[in-house]
């Protein structure tokens, strides 16, 4: 069950309307790595976790926080759209600056949502649950989470560079910090799992299922020898089972007997 | 430029047709973590890499290999569909086993592709480039790759359990091994990058952009204290900059001055 | 902000696993009118509401409840999938009943989610934010909500008929009741708004914008006169401004002067 | 069967080309509530109606009209694109006004459709049949229709505000009127059905299927008591069966016996 | 404008219900090459045609016919679903044949549409306007049309093989004939255009825009010389401008001077 | 298997950055008829071809070339984005030209891909495998290919007109030529197949399956007689089996006996 608290997790107001930046902010709301993605991803991972209550709690807590981030960003977008000049007026029509703003806005903000946030990305593509990762395997999913928080933080940092509004920057500085925390947290959880299970996910695959002669070979699928420059060729692989090997030719096909 | 070599990377033939399993195999061809996803992901990452030729080669080599995996699986699907009983016949209509197969097949295999593979997943949803991750940040993207190879290997392992056909199992054993190798490879590359850049992606964010008081706090967004069970609370965080902290209350909002 | 309470809104357990019904239940989780749709719809409506705090609260409260319904149904799906016979085994292979179950399952439950719920509908199409309605106009949106709760209750009723499991039926009986309540609630709110604004949404359109000669005409776009059978032809229209009129011919085009 | 009449339902020509407004008009052609949506929605509802010929005719007549609206808007978009400055020319390149128009156009109009309408919305997302509602239940579907005509009229009104072109305004004034009529018509039809069936859709659910103790309760899913402000708490609910009730706590879970 | 005629273009009734075949028929209604695709494709092509009234009429006439085909197939699907055993009943639960039918149906037919047709394909993916081709160039588009009628007829023929119901077969025999006619018609129109414009679309590209040294070269992008087996190598190309040429090596890159 | 050659098929560099044109170029990379579409289409057609090795080679060779085209265009997009002014700066904020560029860019290039190409079209919609055609019937598929190369060349020609950059123009001139070649090639292959199979696809439909009385009739689905203007009415149809016929009335329904 979820309870709504009538307060934003972090309060920030833009100094002035900026419908063009509102459009860009949609990316971290409804894009591939927006807050809707992590919120839904953590929810489904949490609900699908069986018999590991400690992690189930952590995942759902983080998911609840992320719904609050969706709320923060949606609120910010509505504030950036407030008083946006969407109506055609004599004056406006002749003011190239206003004209430019009207052209660069997301038309959905003017026509569909009434100057509110949309559940879509910065180019107007609706959010899709095809972005969600919830496999039932904690190590695999924590890697998905680490990736999501890395991509998300990267996008927040890029948006930070694209605005001068101190209120918007302050909200983004908070999101940067939470993305740092969530990277820290999944890194810690991954380390814990890898120490028990090993680094190759899933750990449950019986050795005899795998054609292990191909498990440590870097195969060259191009002309030249550039791939050999990898510093780790010839060294022990992270799984601790084999040594990284280089296959000069890509002709390693094997005919099976069926 | 890409050159086609008229040979599969790994040869395997099914012992007998199995259109129901052909439908399931579509998942690792055209699903969220199917081979089309990794092939396209590595391509776009490689083409977008600037000034890091060593990794650009590695990424594109791996991408070229993955197109070959799409080919292997597409070929296997066509073989599993060969001679599938798609026509209604007097005899078939009365044979519940044949009837069942016709019902459980992907109708696209019978109606659309003429018993060939489709660029779609196990339920018939077309592959979408919305699955691809290519951000221009190598650490973030290698984490996406590690996740993709983890999810992919998990799905291959599950499919391995769902068939008894030795030819199909042999192909899957090869894919398990390559997914192991690719996990090993991205783990090694991630380690190399983290040693230089640190573990929080992206590393380029100036400290003053981030509200660092929130960068190491586990915030409890639920009733009860279960989250405190995490072994790493109170310990140094993976970023080496702070200590994991627990915020008892979720009321940590801060009003900004704008 | 949202807080997770570690309890389902309503507890119900299935009597026994039923992966085929789990697939069907996905419709009211991740379909066009599943709980993800109403949860997200209410959230975005609430966040985008300006200056009508009473309704904003009602909308967000209902939205918070619906996330809890997503949780209930996701949990039920995981329970129905528990111990589903996804592995190919000697015995199973020969048992047509097991074979049938394996064929009729959603392959995603076996291959992708590890026997957990997926954010998708009963045929495996991922949930899309293209389903969400949040226009910034309360009357229009409450009609969207009334429709959503009507479609949702209809689907729950149809699923009720399709199962004999008393635990599943009990959960569905609860959802039927909440959908009744939500229809009641939006009907009451719509009545309140219509008494103030009138029944034509949006109420803010100046009369001179509208070609009102076409605002009460039923135009016959087919052969024959069947449309004239409507009991309300010749009576006052719900907007209280005109009388329903019948245009015998569909040739009512008007040339404008530009 | 459908017959094409070589005449627009309503004639209107723009005073001058306006490719930027052409992009915006795409919303009411190919958006979630564009004319393609209502046209297809009415078609499928009509074809799926069984044993209620009077309404079947009404629905299909309205559907046929809406295909004509798609035609009107598509024609208007093509006219607004006529002579749009899509070619790069010495002069144009230096004229910021022309440059702006080229930037703000939908690139599809220049590259894909050859200055014609596209079956997509104002941001270029292709129309999806996932927008269509056709459930086989007339009351539920008429509510969907009332909503669609409300959302549609809202968008037309917003577009009316965004242009100064008298020809475009005239076409929009006609669409406003038809959306008024269609709201009137579905309101009348809904009233007729509700008088017979009652207001809770679907009416066919046997009382014993429903956990009626939850059918009239407003449950507070947030902190504070704002929800109690609803004027209708304590009054008879629209279904005429119960009284709106307020549940102070959201802790109303019930354990079932399975 | 479009007028509905209350009659199917071709009458056919199934001998008995067959919900599993109803699911398959959805492909030619709402699939990539279903009737919705050609109906919408012809509409948009017709509306976007400028200054070629003769072809505009032909295209829109064919489009109007195709909406009638959507109607025919939707009606047939509803008839095949009539009295489908969607309810769980004691007897049914024990009858494996009924069980099988319930499993193989499209769940949408039972849960969403109330035993009516859906605007989606045979696996339940909603129809997308991303399938539509309308470029403003008649030769290019007539080739798209010829392809669509070829793919469509192929799918109808495959469905014909998959049923024994004489009523369904009769409807399919009509669709086969109309697809033959439409192939004939587009072939005739293409021939007419090619005689005027030449065979390379679009004909309007000035010769100096094209790097014509690459316009007739078959380039070998694989190992071996199999491509040389083409009978037309060394002969005049269809454009009548050059001779088909074979590039032994795929190394034909050219450095430009920028 | 596929091998990467570390060289572009054709080298071209833009004279200067142009992020707005980079956005437009995305259409021929990830649009409906972009290079991703033809690359994947030829791959799936090639893999699904059975028993026609000559054409299988040709199809796969062309597919391999097209992956190289994806690479060329992706590289060009990255070059056009190089040094794009995505950061907000004091100076930039006041320079309307820079402001305009920032507004007209695809926000994904700035926020998501780090100034690299995206697997999406010119409005930011991700590429979808729903564009791919691979039916198992060579004649039908070669028509799909001819259409794809016609649409693709049309879009390249339109883009050519929209830029003045000589480097970009040079790349487009190469693509124009290859699209000419591929049209030539599919035309030659189609002619070869039609001479053997006849012009109606698929050729395998037994005559008795088809209601041949409808196979040569142009039916008038509109008012007036414009359709009769077709020059080919009364002449032999391309299939050589019948004569094009004109049905004055659209009332040609036939009742079947079931």
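Each chain carries a letter (A, B, C, D, E and F) given by its place in the written order, and its residues are counted from 1.
One rule holds in what follows: a contact is a pair of C-beta atoms (placed from the backbone, for glycine too) under 8 Å apart; a residue touches a chain by one contact, two chains touch by 3 or more.
Only a predicted model underlies this, so the values are computations on that prediction, with no experimental measurement involved.
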Name, by label, each chain that touches both members of the pair subunit A and subunit C. B, D
Shortest path length from subunit B to subunit D (each step joins two touching chains): 2
Chain whose Cα centroid lies at the greatest distance from that of subunit F: C
Note, CA centroid farthest from subunit D's centroid sits on chain B
Go ahead and align subunit B to its copy subunit C using Cα positions, then give the rotation in degrees, nearest 5. 120
Rounded Å distance between subunit A and subunit D, as computed from the means of their C-alpha atoms: 32
As a quick test, compute the distance in whole Å between the mean CA positions of subunit D and subunit E. 28
Averaging only over C-alpha atoms, locate the centres of subunit A and subunit E and give their separation in whole Å. 37
Overlap residues in subunit D, where contacts from two or more other chains coincide: 1-9, 32, 57, 60-61, 64, 68, 96, 100, 103-104, 112, 114, 123-126, 128, 130, 135, 137, 154, 221-222, 226, 250, 253
Applying that definition of touch, give me each pair of chains that meets it. A-B, A-C, A-D, A-F, B-C, B-E, B-F, C-D, C-E, D-E, D-F, E-F
Per the touch rule, the subunit F residues reaching subunit E in their complex are 5, 7-15, 32, 53-54, 57-58, 60-62, 64-65, 68, 125, 128, 130-131, 133, 135, 137, 139-140, 143-144, 146-147, 150-151, 153-154, 157, 160, 166-167, 169-174, 176-178, 180-181, 183-185, 187-189, 191-192, 199-202, 204-205, 209-222, 226-227, 229-232, 235, 237-239, 244, 250-256, 258
Flag every residue of subunit F that touches subunit D in the complex, lowest number first. 20, 23-24, 27, 31-32, 96-97, 100, 103-104, 121-125, 154-155, 158-159, 161-164, 221-224, 226, 250, 253
Under the stated contact criterion, what part of subunit D meets subunit F in this complex? 1-6, 86-88, 90, 93, 96, 99-100, 102-104, 106-108, 110-112, 114, 123-126
The residues of subunit F that touch subunit B in their complex are 1-9, 30, 36, 40, 43-44, 47-48, 50, 57, 60-61, 63-64, 67-68, 70-71, 74-75, 78, 112-120, 126-130, 132, 134-137
